[in-house]
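Heads up, the next two complexes both have subunit A, just with different partners, subunit B and then subunit C.
After this line comes the complex of A and B, so read on.
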């Protein structure tokens, strides 16, 4: 499994133009392995820029993005110079330039190889991914990614079928056209297409937006199962605080291009942090629990899911009976 | 009860496939009315027919069978004149999911003016309507801004202002909050409430149950059939039934329903967070459990 981290990353859109806009500013972030990490923040807080950067699609203007310990966006030039230093080359620019080309070529080939490998190690599910479906059948659409990895037809199909089962697509749908499916089913096909590549890191931008409650639950359950069975790191952006509180191990709170806080669900949704000032909200159930505590009912434990508050209330009631 | 604004009588609708044959009905025998000034939420799972319903009420689609009456104009599957269509669209406005699909101009003011300009009004009248519409959605300060630089919630409010400038009697919101962050969602809900208080009929199609309960009346659509029609309290009374339709109850109501199953006798409906807190406290402080 591979780790991902950001070191003092900044990103400026349209640098040097009148429309210059800083989307990320000095972001330091280390994403724990094997966890589900939620990213929250208002529109324009830099969430999507961050995701693109983590996927290797957007080189930072400043700072480094480290994947498996290596700088994801290291240029062949810098890599070549580093390699030369390692091999003990020093001295005048003239001496260096004699050997530079050879090193550059090697570094370039290596970077390219790494880049291609990364496409399969980090899987990205974009917003409204159902618009990316294109193939004649659901099965061949899901197979597209694995086949591009160079897997055989059988292996690709095997992976596609298990990914389809994971997201809860019924086997009879596999031979249908993806365009004949409902919105929720299409979304699941698109996600299965990424899961079938079995990425070490799964990145999702609002995977459940626009879905009905049942569809939302299916998607999140599938993501949680993938995380548990493969140990992959999952990074997801969502505006649904209820879903994040239920499924995430850790939450990253972003505001105006900076990371305000990284912490457990409890730390982020606890009363000390005024989420409303960041244009966000707590889960309704947490609000209810806090109001009850304010009114003098001591509730303990997980106050971020309905199940948790139910247990806390039942414990409290039982405690009263035993007195 | 106010006058009927939109009435559906045994409306059936099916889409045509490439060969021109009708596919399975998206709506089956639907009958209900939207009255003047009413605030209705429509809920149902993906593919249940909610959006088809919205498109019928705005005459983007016509019923395959049955009759639709909008502001006294009867609409069946017979072809309509352009005048009739325009007349209906002026009465019933629509706000879509993605505001970017609905904004046409490069300046907020001009975008709001786009509709009235096409009505052939005088420029004074247009200016008046733009001003009052922007006021209604609280975007007056942004009149000179570029829409693409606004946040999602602000864009959506500009889109609403554009609809308001047509002076409709009813606005349909087709999942207009789905793409917004929590603050944007709150802004749009507040705007809906305000419009409702001003006498506008609101039809809000949503997947968020916490938004649906803000309405006076909720319609539940399941596989093209209208399965429920009542107050939020009526509709969410049985969580098990709502789950069968692929939906859920708000978290507070879910909590109270679970506690009731465990034998905790909490009263009331508890759809809203504050009601839920009040009822739980009333139960706990009542001391009946000690």
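After this line comes the complex of A and C, so read on.
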């Protein structure tokens, strides 16, 4: 499994124009592998920028993004210079650059190869991913990613079918046109298209936005299953604190382009942190639990999901009966 | 990158050029073009360069932005100046002559002034007066009012203006969408930058199809939204922003007319280094 981390990353949109806008500044973040990590933050806090950067689609203006210990955005020039230093050349970058043509070619080819390989190691599901569907049938659309990986037709179809089953697409839908499906089904097809590549890191930007409660649950369950069966790291943005509390192991809190806090669900949603000042809120059930505690009912355990509070309440009632 | 296109982009600001009426700027840019086409010698061109620099200063537009609008034209300019350089027949002795190529002094002047300076000034001036300092909405509003006399002969001026507004309005949206779709397909391993022409064209299909689908979706949504607001064409439609001439317009209009007059005067009384 591969680790992802960011070192002092900044990003400025439209640098040098009147529309210049800083989206990220000085972000330091290390993402534990094999976990489901939720990213929360107010609209415009830089979440989507952060995700694109993690996927190799947006080179940071400053800082480094490390994947598996290597700088994801290292330019061929810098890579060539590094190779030369390894071979014992020394001098200022300008002097070295006069001699590096041989190294540059090798570094350039290698960068391209790495870049393409990384696309399949890090899977990205963007916001409202249903617009990315294009092929004639659902099956061939899901196969697009695996085929780009260079897999055979049969292998691609096998993966596509299991990914479709994972997100709960009925087999008879696979031969339909993706444009004939409902919104929720399209979303699932798009997510299956990424899951079929079996990435080591799965990045999702609001995967359940605009879906009904059943659709939300299906998608989050599929993501959790994928995480459990493959041990892949999952990074997801969501505005539903309930879903995050239920599915995530870790939460990253962002505000105004920086990471304010990283921690477990308990650490983020406990009352010590004033989430409202970041334009966010705790799960609603937590408010009920807090009021119950205030009223003198000592609740223990997970107080951030409905199931957790239910269990705590049952424990309390049982405890009372035992006395 | 797609988002680096500045030609035809509006940069909001508070300068006098921004505040001027779009009609002044549209007619003004025609006067400006006329002045440039009238320019016959080096001094006239120099004068227009100074005048354009002044316009940029009045409009608070930085040189770098102007430069950006010229950059995509580089090859066109190069080819044009080459043609001018080699195809111009001069009256004096050729400066250089080898094989089938002869270069005259006039050719050099024409290559520099007529093809490079003139085109650069034309693009810069119209960008300054129109696209950089006038919002697309204002621009179409201006065109609509300027063309409104044509309504008398049943030209659907309002409909044309509305179509232009919508087209201009959707350029950034579609650029953004293309960018998004390309990113999504890249994340699925699409490769847009390698292989032959046919392979590359094929690689673009996964971008073009979703783009078409969403364009139609936008069109239908927009039609519904307009229907809901009882849109029924230009008849009896009032405006939120009514165009009004102010003092700024008088000054800008005067300045442009003076520039045109000055060019004509320079042509007449300084007939040195005529290139036309």
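Points to keep in mind about this one:
By definition in this document, the second predicted complex is superposed on the first by the 314 of 323 C-alpha atoms of A that agree within 3 Å, B and C clash if a C-alpha of one lies under 4 Å from a C-alpha of the other, contacts with A are read in each partner's own complex, and residues count from 1 in each chain.
Criterion: a residue touches a chain if its C-beta (ideal position, glycine included) is under 8 Å from a C-beta of that chain, and two chains touch if they have at least 3 such contacts.
Not measured: the values here are computed from a predicted model.
Of the two partner chains placed by the overlay, only subunit B lies in contact with A:320; subunit C stays clear of it. Looking at the shared chain after the overlay, A:207 reaches neither subunit B nor subunit C.
In the superposition on chain A, A:126 makes contact with subunit C only, while subunit B stays out of contact range. Once the two complexes are overlaid on the shared chain, A:148 sits against subunit C while remaining clear of subunit B. Once the two complexes are laid over each other on the shared chain, residue contacts for A:179 go to subunit C alone; subunit B is not touched. After overlaying the two complexes on the shared chain, residue contacts for A:55 are found with subunit C alone; subunit B is out of touch. Taken together, the two structures place no residue of subunit A in contact with subunit B in one case and with subunit C in the other. Against subunit A, the residues of subunit C that register as touching in their complex are 3, 6, 11-13, 64-65, 177, 180-181, 183-191, 194, 205-206, 209-210, 213-214.
Residues 14, 16-18, 52, 55, 57, 112, 116, 119-120, 122-124, 126, 129, 131-135, 144-145, 148-149, 179, 193-194, 197 of subunit A touch subunit C in their complex. Those residues of subunit A whose C-beta lies close enough to touch subunit B in the complex are 41-44, 182-184, 209-216, 239, 241-242, 279-281, 283-285, 287-288, 291-292, 295, 297, 306, 309-310, 313-314, 316-317, 320-321, 323.
Per the touch definition, subunit B reaches subunit A in the complex via residues 44-48, 97, 151-153, 175, 178-186, 207, 209-210, 243, 246-248, 250-252, 254-255, 258-259, 262, 264, 273-274, 276-277, 280-281, 284, 289-290.
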